[in-house]
Structure formats: structure tokens, C-alpha cells
Amino acid sequence: MPVLTGVSFRLAPGEGLVLRGANGIGKTTLLRTVAGLQPPLSGTIEGAGERAGYASHADGIKPALTVAETLQFWADLYRAELPEDVFELFDLADLRDRSAGTLSAGQGRRLGLARLAVIGREVLLLDEPTVSLDAFSVKRFASFLRERHLARGGIAVIATHIDLGLDLPTLDLTPYRAAHDAAGGSDEAFL
Amino acid sequence: MSIWSYANPRKFLDTTEPWVPWLMWLSAAVLAVGLVWGFFFTPEAERFGSSVKIIYLHVPSALMAINAWLMMLVASLIWLIRRHHVSALAARAAAPVGLVMTLIALVTGAIWGQPMWGTWWAWDPRLTSFLILFLFYLGYIALWAAIPDPDSAADLTSVLCLVGSVFAVLSRYAVNFWNQGLHQGASLSLDKQENVADVFWVPLLVCMAGFVLLFLALVLLRTGTEIRARRIGALRARARRSEPVRA
Amino acid sequence: MDLGRYAAEVISAWGVSLALLAALVWWSVRRDRRVRAELERTERDHG
Amino acid sequence: MRALLTRDLRLAVRAGGGFGLGLAFFLIVVVLVPFGVGPEADILARIAPGILWVAALLAALLSLDRIFALDHEDGSLPLLATAPLPLEMLALAKAAAHWVTTGLPLVVAAPLLGVLLHLPGQAMPWLLVSLALGTPALSLIGTFGAALTVGLRRGGLLLSLIVLPLYVPVLIFGAEAARRGAEGLPAQTPLLLLAGIGLGCAALLPFATAAALRVTLR
Amino acid sequence: MRALLTRDLRLAVRAGGGFGLGLAFFLIVVVLVPFGVGPEADILARIAPGILWVAALLAALLSLDRIFALDHEDGSLPLLATAPLPLEMLALAKAAAHWVTTGLPLVVAAPLLGVLLHLPGQAMPWLLVSLALGTPALSLIGTFGAALTVGLRRGGLLLSLIVLPLYVPVLIFGAEAARRGAEGLPAQTPLLLLAGIGLGCAALLPFATAAALRVTLR
Amino acid sequence: MPVLTGVSFRLAPGEGLVLRGANGIGKTTLLRTVAGLQPPLSGTIEGAGERAGYASHADGIKPALTVAETLQFWADLYRAELPEDVFELFDLADLRDRSAGTLSAGQGRRLGLARLAVIGREVLLLDEPTVSLDAFSVKRFASFLRERHLARGGIAVIATHIDLGLDLPTLDLTPYRAAHDAAGGSDEAFL
């Protein structure tokens, strides 16, 4: 069943885009599609795929691993080096050897975001990255995005309900909401 | 016009719909002839006595149990390769029919086993592989039922059907290796000398034709049901989408 | 019609099988009817 | 792939991770059977190879739902799937981790448990070889089943239902080899067949697993 | 309590809920044993009562982790615990729902599966009575074990490990009653003991379960 | 290990309190303690317990139940009537018969919050209730709290990082952060 139609954007290196729209408009769906986790009903996605790193509502944190082990694992899996400063960057230095299961909601979120700095992907797809973060951590994350990621030629697509303080172009998805007679979807054949 | 045009649900329904009642009645008639003939107008066999009459239900259902799985395998392949919804739904529709056929073969066999072998159940290879087939049907149906998204369900059950078929053949050999059986050999094959006498053979053939027709009728009917159920889902979904956007 | 020694077996086998077949047919037809009715209702409401 | 394997092994070894529990389950089934069947040594010896194989199979089965479900629930699975690693490799790594954490300990523990069931001494090597050849196939088949049911909330028992018929050939050849060994009969044929099944599974099932994962991820 | 019971039953009956799957598992264990042990009817008949009881026990066991874990994972459990319902009642409702969805179907299916294992006809009523008396105790004990392990991520196998020793008395008396029935010996004593265990569990275990829940919730 | 020390507040009917503080300061811990889900290391909680309804980071949603069934269940369990207008209030009317597993993040959150309106508890303990909600839904929830809950004599304690637009007294937990050598905890006996 189509959720959004006619959405189209193209980002050059160093550019970011903020997705906005009411609950249930289809931000998560769009990000997952761009990440290649579900096929689009129609249209094409170019250039993402192998270059994209996706951060979902859930953080994929294993309670049994420590913070340091978690980040090391993702670095290994993506065949990247673990950057020295990632613990400072996401304010995790004190929590380095804490098992991830005992983190508070916001601390866990910071760990989930730190993963993105570790895997070294150029295209970051962020689904409400600042949920549960306090104001200070939000600022910190915004400056990470601006100075570390975008400044180095990365691309970011961010779905969010709150203002991150980044001056990025905003795409409001409301006008693209699929009309009732929109084509597409596996059930289409039965109409 | 290509045969694939029948993969359109509407076209499939329009084409098959008129056939279903006829097939139903035809299969009922053929089955009635075969079964009445078999039950009332056949002699007793020397080794089996009157218990041979069970064969008129046992063998056709056993054949259809296997054929239903084969049909599901073909339909699954068509779905995986060409992604025609009707074919996935036909596989789904055939599974419960195959399950019941397997059950009938098992139950009649078990009842027959009591006087012939002195036991309800023996771990004979043919019996055992039918039991495994029964489990495959159960798992397949349960997987269909457990997955909410119909397309994902079609994909996953098709993969299961493929892998399951390979393992079903494997277990057939394994089971043969494991135990030498009590069961009748395939004396129905036409090229063998020890063919059953025509008095049994002809009504049995009629019954088999009846089972084939009944299977066809049921699968067409049930495929139609599945198509309509999907259509309900599609209409509801469209209605939900068309509800006014919140102010 | 004399089934002799095997009357119980033959009759129960036939009984169970025919009952299973009848149940399968009945269940399929009933489900088809229901789905048809439901589809008609849905088509009327949302068609 | 190495990273994934070490992570899965590490997770298994940590508290609550399940390493050793498959083994404990194996032990407990073997211990329960005499309570159910009665303590007579000759009967126990007769059924020992079969029971050990069935217990190994159940122990493997019970740990199957951990393979993907945990990663699915906490959202790791999409992240793993977008990593620079083919899904087939992911499937293979998961099966390997499962085997190291459940199959291998069972092989090691089997001699001990055989003693509990009065398994004759000459049967022991055959039992061990058959388990060593058969359990990798169990892990591979189980990974496939787990991939089929991963989207479903706690599809644990559905998983059992789907996987058990697939386990039948492995069980038959494995138990047959152990049984023949116990009776002093030649057991090469079933062992060869068992090895064949294992190789076939390793060659083909990762593709089916990856296909299933692609569907469950979307 | 009614609301909770109907919710749990409804969840069990829904797609992916697991109703009938415990039964399927029971069926499958019973089917596997002959593959392992071999097809000889006399041996199968001899071990049938014991195997049926062990299989029933394992089927109950496998569905235990659903009792609380699902509610724990999605955060329902603290909400249930703060509802105006004593925790003891919650425990009882959970055990009852578990029995209706797993124990009861096993009792109903046991005669059919007895046939597969060549269980002698005269043993059937005894098997049924012993299962009917014993399975509620299995559910009650299992609920207690589930409450103990609910905080632990996927404590499924740990749960088995904790619960199985507690199951031993039930298994011994249950299988003994069925075995005596099969051999035509008097089976009243084990049945009485079984009934006693069941009543004791129903009277006392909900308190232990509630206590365990209070700890695991904090 | 103690997280917070010396926190103390008392609320009369109709009063609300907003808890603030950086990630990991102990908001969740405090709310769980007040809800009676974990015992305080020292000090006392009065008057909550049986009267409290707690909404955690997780929503307790069963994917297999529909939205309407979920709310009906909670109403039954708390022996309350299902209020007629709860679906409108939380903008769930369209989603009434959708199975809860297919809701988007924000829709699920709305369902989790609607539960609070159903169970009819006087003391609501809300842990970041507006996570994932869009601006419109946040406003709607704030007005529910103000006009339906507090106006009828209810009490609310709300941990949040973003401003809800409610003019409630705010308690910043930062000063109460327990020192590293603070007393308390079960390990105490071994020191």
C-alpha cells in the first residue's frame, strides 16, 4: 500500500535534508526504502545502498556487551577503524565499560548514534535521532553532524519532530501523502 | 494470448467461476459412481477379504496427497519467478486440501492395518513418509497463517515449499534405509505383471478420477475465496487511505 | 451386502473418510460464501 | 564475518547468553528419560543411541530462536543487513556461531551422558562421529527455519514445527549409524549419507536463508 | 482476572500466538523417537508411557517463556503489576491461560499419539487421567519458573534448567501411573500422589510466583 | 548504588510537576520508585501505589491486538469503563481496528498514552510521554493533561526533555545527583 507518492530529492556531498511531517505520514518508511530495507513500490533510489548507514527508532544495543565492545563490533563489521575521539564526542567516556543494558534511555541513544560515527558511511539516514536526548546532547549531536559529517562531504537525511538547530533545507512530506486512488502496492492487482 | 493472462485475478475469477459448480457436481457424480461401484459391486479379494473395499478411498487420497504437494511446488516456483499473485494464492488454497487427503490416507491406512498387520500403526517407510508429509503440510499452513503481510507470507512459504520438497525426497530415502516395510508395493503401475484384477482396477480408476476432479474443484473454489479475501483487504486499505487528512 | 469379518473396519474407514471429505467441502463452501458476502458489503461501502 | 562470529560467541558466553544451557538441556532430557521409562538397564541401553540423538536434536532446536530473534527485536538486524557483508555470509556466520555454542558442546558431552544411559562402550566412537557430522547440518537447517520465522513475535514453536520435519533425514541417518555401531554392525553407509547431507546443506541452505531474510527484513 | 485470562487466550489464538503449537511439538517429539530408537513395536510399546510423559513435559516447558517474557519485553508487565489485581491472582490467571493453551490440548491428543507408539489399549485411560491430573501442576510450576527468569533476556533455556528438576516428582508419579496401567497393575497410589502435588501447587505456588515477580519487577 | 539523594516533593490534587535533568540523572529511576516498581534505598513514598499509573519508555503494545482491543483490555483490567471519546482525544479513531503492530512510532505512542486516559488513575507518572510525537499531538496531549486530568483533581509527574507548553512547576534534578561516595545500596553492609 503506498504511503507517499511523488517524493523526490537529490543530495550532493556535504548536503543534508530534514524530513518533517505528522506522525504516520511515512518518514520511517521513506528512510527504510532509501536504506534499501524495503523495495519502493515505484520509482528508483540511486547511489545509496552500499554507502548508507541507517539509524532506526531502535538502537540495536545488546545488553550483554559493554559500550566499548559494541562500538568495536560495528567498526570491525564495517571494516573501519574505531576513531579515538568517538567516546568524547558522544559523551560516553565515563560509560565505556558499562554494559549497555544498564544505560538510561538517553545514554543508550547516544551509543546508537555513536555507531554512526564508527561505521564511516557517507550517507546517514537518521530516524528521530534525538529522541530521549537532553538539550545539551542534542546540541552536541548537531555539531557532530555539521562539523564532522557534512563538513567532510557526507550526506544526511534526518526525520525529526523537534528542531535540531541545523540550518538544513527541510522537506515537509505532508503534500506527498498518497491519495486514495494512488497506484502501487501488492494489493493493487486485486482492486 | 499468453497463458499468463490468467494470472490476473479478475480474469482468473471470471474464467474459472462458471466452472466451479460444474466441476463440483461432476466430481460428485464420478465419485458416487466409483464409490458405489467399489462398495457394492466388487468381489472380495482372497488375501484381504472384504477389507479391500478400503482401497477405493485409500489409494486415491494417497495419490492426491502427493499431487497436491507437487502442485504447490509448481505454484510456488511460478510465484517466486514470475510473481503472479494468483499462483501464490492457489498454492495456499491447495494446502488444506492436501492436508485432508494426507489425513484420509493415513486414517484409512491405519484402520486397514488393524486387520491386516494386527496394528494401527507401523513404522513402515511409506506410512512414515506420509506422516512426514503431514507435518510439512502443517508447518506450511501454520507459516501462512502466522505472517500478516500476504506478499511476505507468499515468499516465505514458497521458499519453505522448495526446501521442504528437497527434504521430503531425502526423508523418503532415509526412511527406506531405516526400515523395510510391510506395505503393499506399487502394484498399480501398468507395466507390472502382478497387476490387480480389472474388477478392482476399473472402479478404482473411476474413484481416482473423482478425487482429481474434486481436488480441482476445491482448489479453484478456494483460490477464488483467497482472491476475494485479498480484494477485501485491498478495498479496506484504499478506504482507509482516502479518509480525510487531519487538519 | 455382507462385509463379513471386516465390516467394522470397512465401515469406519469409509465413514471417517467421507466425513473428512464432506467437512472439507462444507468448510470451503461456507468460507467462500462468507467471503463473498463480506466482499459485497465492502464493495458497497468502499467500492 | 569474523567480527560477527566473535560477537555472537561473546554474546553467547555472557550471562544470560545461553551457552552451556543447550548442554544443560541435553543433560536434563537424558536424565528425565529414565524417570519416565523406568530404570531397567537393558532397555535403557537399547534405546540410548536414539534418545541421545533425539535429545541433541531438541537441544539444538530450543536454541534456534535466539539466532535471529534477538537481533530483530533490538533493531540490530537491519543494521547487520546493510553492513558490507553478503546476507549469505551472515547466514553462514550465524549457523557457525550456533554450532559452536550448541552442537560442539553436545558432541563433547555425549560420552558422559552415554554412560548415564548404559550405552555400550563400542558404540561411543560411532555416536561421537555421527553427532560431529550431523550437528552442523542441524545448525544450518535451523538457521534457515529461524530466518523464515524471524519477523513473527516469538515464533519459537512455529519454528520447531517447520524445522523438525526437515531434521528427520539427519536424525534417521545419525541415529542409525549410532545404533549400528552399538550392535557392532557396519555403520559407514549412514555416516557417508550424513556427511553428504551436511555438505549439501552447507552449500545450498545459506542461499535459502538469505532469501528468507531479505523478505523478513522488508 | 477474567479480563487477563481472555486477553491471554485471545493472544494465544491469534496468528503467531502459539496455540496449537505446543500440541504440534508434542506430536513431533513422539514422532521423532521412533526415528531415533528404531521402529520395533515391542520396544516402542515398552517405552511409550514414559516417552509420552516426557514429551508432554517438554511441550509444556517450551511454551513457558511466553508466559511473562512477552509482557516484559513490550513493557506491559509493570503496567499489569500496578493494576488493581493482586499479583497472586495475576500468577494464577497466567498459569490457567497456559494450561488451557497447552496442557488441555495435550490431554486431548494423547490417545492419538499413544497409537503411534503402540501404547497398549488398556493403558490409555490411565495415561489420560495421569496427564489430566499432572499438567495443571506443570503449568503452575512453570509459571513460577517463568516469573523467576523474566528479567533475564531470553532466559528460555535457563528457565528449562530451573524448572525441570521441579518437574521430576510430577513426571515420576505421572509416568509410573501410566506404566502401571499399561501393565495392568493398580495405579491408584501414584495418581493420588499426583493429585496431591497438583493441589499443593495450586495452593502455594501463586504466592511464590508473586514474590518472584515483585523482585524481578524492581 | 544511589542515583539521587534528597529529592522531596509533595503534590496536592490538581497539581503537576515536571522533572528535568540531563540524560542519566535518574528521572526514570525516580518515577519507577514512586510507582512502587522498585524500593527506595532510603526515604518514603506516600500516597501513590494503588493510585498511580505509570507510563514508561516502552508502551506495552501487543502487535496482535487491535487498537480498540488494547484499550478495552486495559479498561477491563482496571475495572473501568472505556470512555467514549478516548479515540478522538488521542486521534486514534482512524486506527481503531488496525493491529497495533503496524502503527508508526508516534501512533504507537499515542496508543500508549491513551491507555492512561482509560485506566482512570489519579496519579500519572509519565516518562518522556511525548517522545516521537509531532508538534500537533504534543499540544493535544498537553491539553488532555491540563483539561481532563489536572482539572479533575488528578496529579501528574512528568519527566521530559522538551517543553510541553504546560505551566507546571519544574523540578530540576541536577542538584540532587548523588555523590560518588553517597551511602546506601545493598553493598553497604560490606564496607
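Which chain is which? They are A, B, C, D, E and F, in the order written, and residues in each are numbered from 1.
The rule is simple: a residue touches a chain if its C-beta (ideal position, glycine included) is under 8 Å from a C-beta of that chain, and two chains touch if they have at least 3 such contacts.
Here's who's who by UniProt: A, F = Heme ABC exporter ATP-binding protein CcmA; B = Heme exporter protein C; C = Heme exporter protein D; D, E = Heme exporter protein B.
It should be emphasised that the depicted structure is a prediction, and the values quoted were computed from it without experimental measurement.
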Most widely separated chain from subunit D, with each centre as the mean of CA atoms: F
By number of contacting C-beta pairs, the most connected chains are D-E
Distance between the CA centroids of subunit B and subunit D (whole Å) is 32
In whole angstrom, the CA-centroid distance of subunit A from subunit B equals 48
Computed distance of Cα centres, subunit D from subunit C, in Å: 41
Averaging over Cα atoms per chain, report the distance between subunit A and subunit E in Å. 45
I need the residues of subunit E touching at least two other chains; which ones are they? 15-16, 21, 24, 28, 31, 35, 38, 70, 153
In subunit A, what residues contact two or more other chains? 22, 57, 64
In subunit B, which residues are in touch with two or more of the other chains? 135, 138, 142, 146-148, 178, 231, 235, 238-239, 246
Okay, in this complex, where on subunit D does subunit A touch? 2-4, 6-7, 10-11, 14-17, 70-71, 74-85, 217-218
Which subunit C residues qualify as touching subunit B in the complex? 1-7, 9-10, 12-14, 16-18, 20-21, 23-25, 28-29, 31-32, 35-36, 38-39, 42-43, 45-47
Please output the residues of subunit B touching subunit E within their complex, sorted ascending. 110, 119-124, 131, 135, 138, 142, 145-148, 178-179
Within their complex, state which residues of subunit E touch subunit D. 16, 18, 21-22, 24-25, 28-29, 31-33, 35-38, 43, 46-47, 49-51, 53-54, 57-58, 62-63, 65-66, 69-70, 73, 152-158, 160-161, 164-165, 167-168, 171-172, 175, 179
Spell out the part of subunit F that touches subunit E in their complex, as residue ranges. 32, 35-39, 50, 52-54, 56-62, 64-65, 69, 73-74, 76-79, 115, 119
